[in-house]
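Each of the next two complexes has subunit A plus one other chain: subunit B in the first, subunit C in the second.
And now, the complex of A and B:
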């Protein structure tokens, strides 16, 4: 029975193992052990070209932040359109597979913009965000969101959606919207902290 | 015969992908509900302290 479980559900078992490991790391003090050693990295980030430009030239930071927000708008729009279609709320006259496929391409583009501009912005305020718990929470949410999108949502929707359990599809859509909402909300929270 | 094996593999993979998606989606939904509930509660308590 156990052997059958191991061979039949490798992805599910991996997911359960990852979730349990994350819980152990979060409550086992692993972050507290790693956290102090990261300060040096964040201090170095501020001395890089990106850090110096971001700190000394406000217009450059504002320009990159505007592009970051546009990338976020693109990403959020794709999440709302794709997951809204999975929930059967928007674009109901277009086939699900078409919406999911097209929004995925733009989603990847928006995510790339957000990551590239986010790295630049982080360099400019590196020692500030290092001390913000909400920054670390955002990074956790972003990692969870990317893993969820590429390792869970994408493989699932690669199957014929008509053959999938509609409850699972709808739960995936809700979870996807929640996790990207968390990323956006914690991102804006950084701007109002410290 | 080969066609049947491929079809069985596809079904098994679909079941696995669905189970994994269900586990993660549940975890995210429950976590989000608890997280935002506690955030709203803390704001409500702060407002109560400030304005009574």
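And now, the complex of A and C:
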């Protein structure tokens, strides 16, 4: 049974191992050793062009925040449409493969907008977010979301959906929605912290 | 008119629930977070519909099917945003009603509603002739472009409300004061 699992889901198991390693690094004491040395990186980020613009020109920072939200809307729409279809809630008369495949490119576009604007915003408030636990939660959630999407969800749904266990497909959809909701919610909470 | 709005806002501000909502750290943040995160449902669905009309999303799925099937979650999202938006206004009524960005946002929301009405009307009239085309006719595409533009500016204005650049007590510019509806001798902010 264990051997079958290992050969059937190597990619999934690798991702789980990576995430567990990240969690152990974050909460198992290793992060405490690395954390002080990261302060220099965050201080440097504030001296970059992005950091200087973000700190001194409030309107630019606010505008980029709004673009970040637009990227999030695009990303969220694709996640909800794709995962909603996997759950049989929306677009039920459109083939699953079509919805999942066609929304993927827009998802990547939305994610790229979020990451680009997120880097800009992080540079502007780097020494503030460095001390915020919720920022590190968000980075963990984002890593989990990206690993899950590109290493588990997409390869899995690349197979013929009819041959997949419906329970697994629904679990993937629920997990996908939860992880991206977590990314968005922790991101929002950064604004309320500090 | 501005004095009427100001007096109404002061009256709202005096109600106990407004004060409680404003002063409750968690409740206010929960309402604001819900308002922002529901963007993923409302605007997420709307963007997919608009992008379909422009031929940039799901081009091989009939346009009417995308519009009809995503309409329900989109409207649920907008309903939640509407309720949480009213609550956010209710929590800080005086400052919000005199915010330049809030006023632009309200005008744009009306423009969005009119555009959505015209968009659906035009689409329902002609969709049978182009439903399976990857791109909608130019009139429909114009409506989709306007929708994307208006809603993007709505989000920008919504984000800008949090900043105090043009608040009545900080802005020395008379024109901005007039547009923002600042009232002479106002005591509440």
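Throughout what follows, the second predicted complex is superposed on the first by the 173 of 194 C-alpha atoms of A that agree within 3 Å, B and C clash if a C-alpha of one lies under 4 Å from a C-alpha of the other, contacts with A are read in each partner's own complex, and residues count from 1 in each chain.
Please note the rule applied: contacts are C-beta pairs under 8 Å (C-beta built on N, C-alpha and C of every residue); 3 or more make two chains touch, one makes a residue touch a chain.
Since the model is a prediction, treat every value here as computed from it, not as a measurement.
Looking at the superposition, the partner that touches the larger set of subunit A residues, subunit B or subunit C, turns out to be C.
Of the two partner chains placed around the shared chain by superposition, neither subunit B nor subunit C is touched by A:96. In the superposition on chain A, A:72 makes contact with subunit C only, not with subunit B. In the superposition on chain A, A:188 contacts subunit C only, with no contact to subunit B. In the superposed model, A:165 lies in contact with subunit B only, and not with subunit C.
Contact with subunit C, but none with subunit B, is seen for A:63 once the two complexes are overlaid on the shared chain.
Within the superposed three-chain model, A:108 lies out of touch with both subunit B and subunit C [touch as defined at top]. In the overlay built on the shared chain, the residue A:87 is in contact with neither subunit B nor subunit C. When the two complexes are overlaid on their common chain A, residue A:139 makes contact with neither subunit B nor subunit C. Comparing which residues of subunit A touch subunit B with which touch subunit C, the overlap is empty.
Contact residues of subunit A toward subunit B in the complex are 8-12, 14-16, 19, 144, 148, 152-153, 155-156, 159, 163-165, 168, 171-172, 174-175, 178-179, 182. Within the complex formed with subunit A, the subunit B residues making contact are 10, 12-29, 32, 35. Contact residues on subunit A toward subunit C in their complex (touch as defined above): 58-59, 62-63, 65-66, 69-70, 72-81, 84, 90-94, 98-99, 102-103, 106, 180-181, 184-185, 188-189, 192. Subunit C meets subunit A in the complex at residues 29, 32-33, 36-37, 39-48, 51, 56-61, 65-66, 69-70, 72-73, 152, 155-156, 158-160, 162-163, 165.
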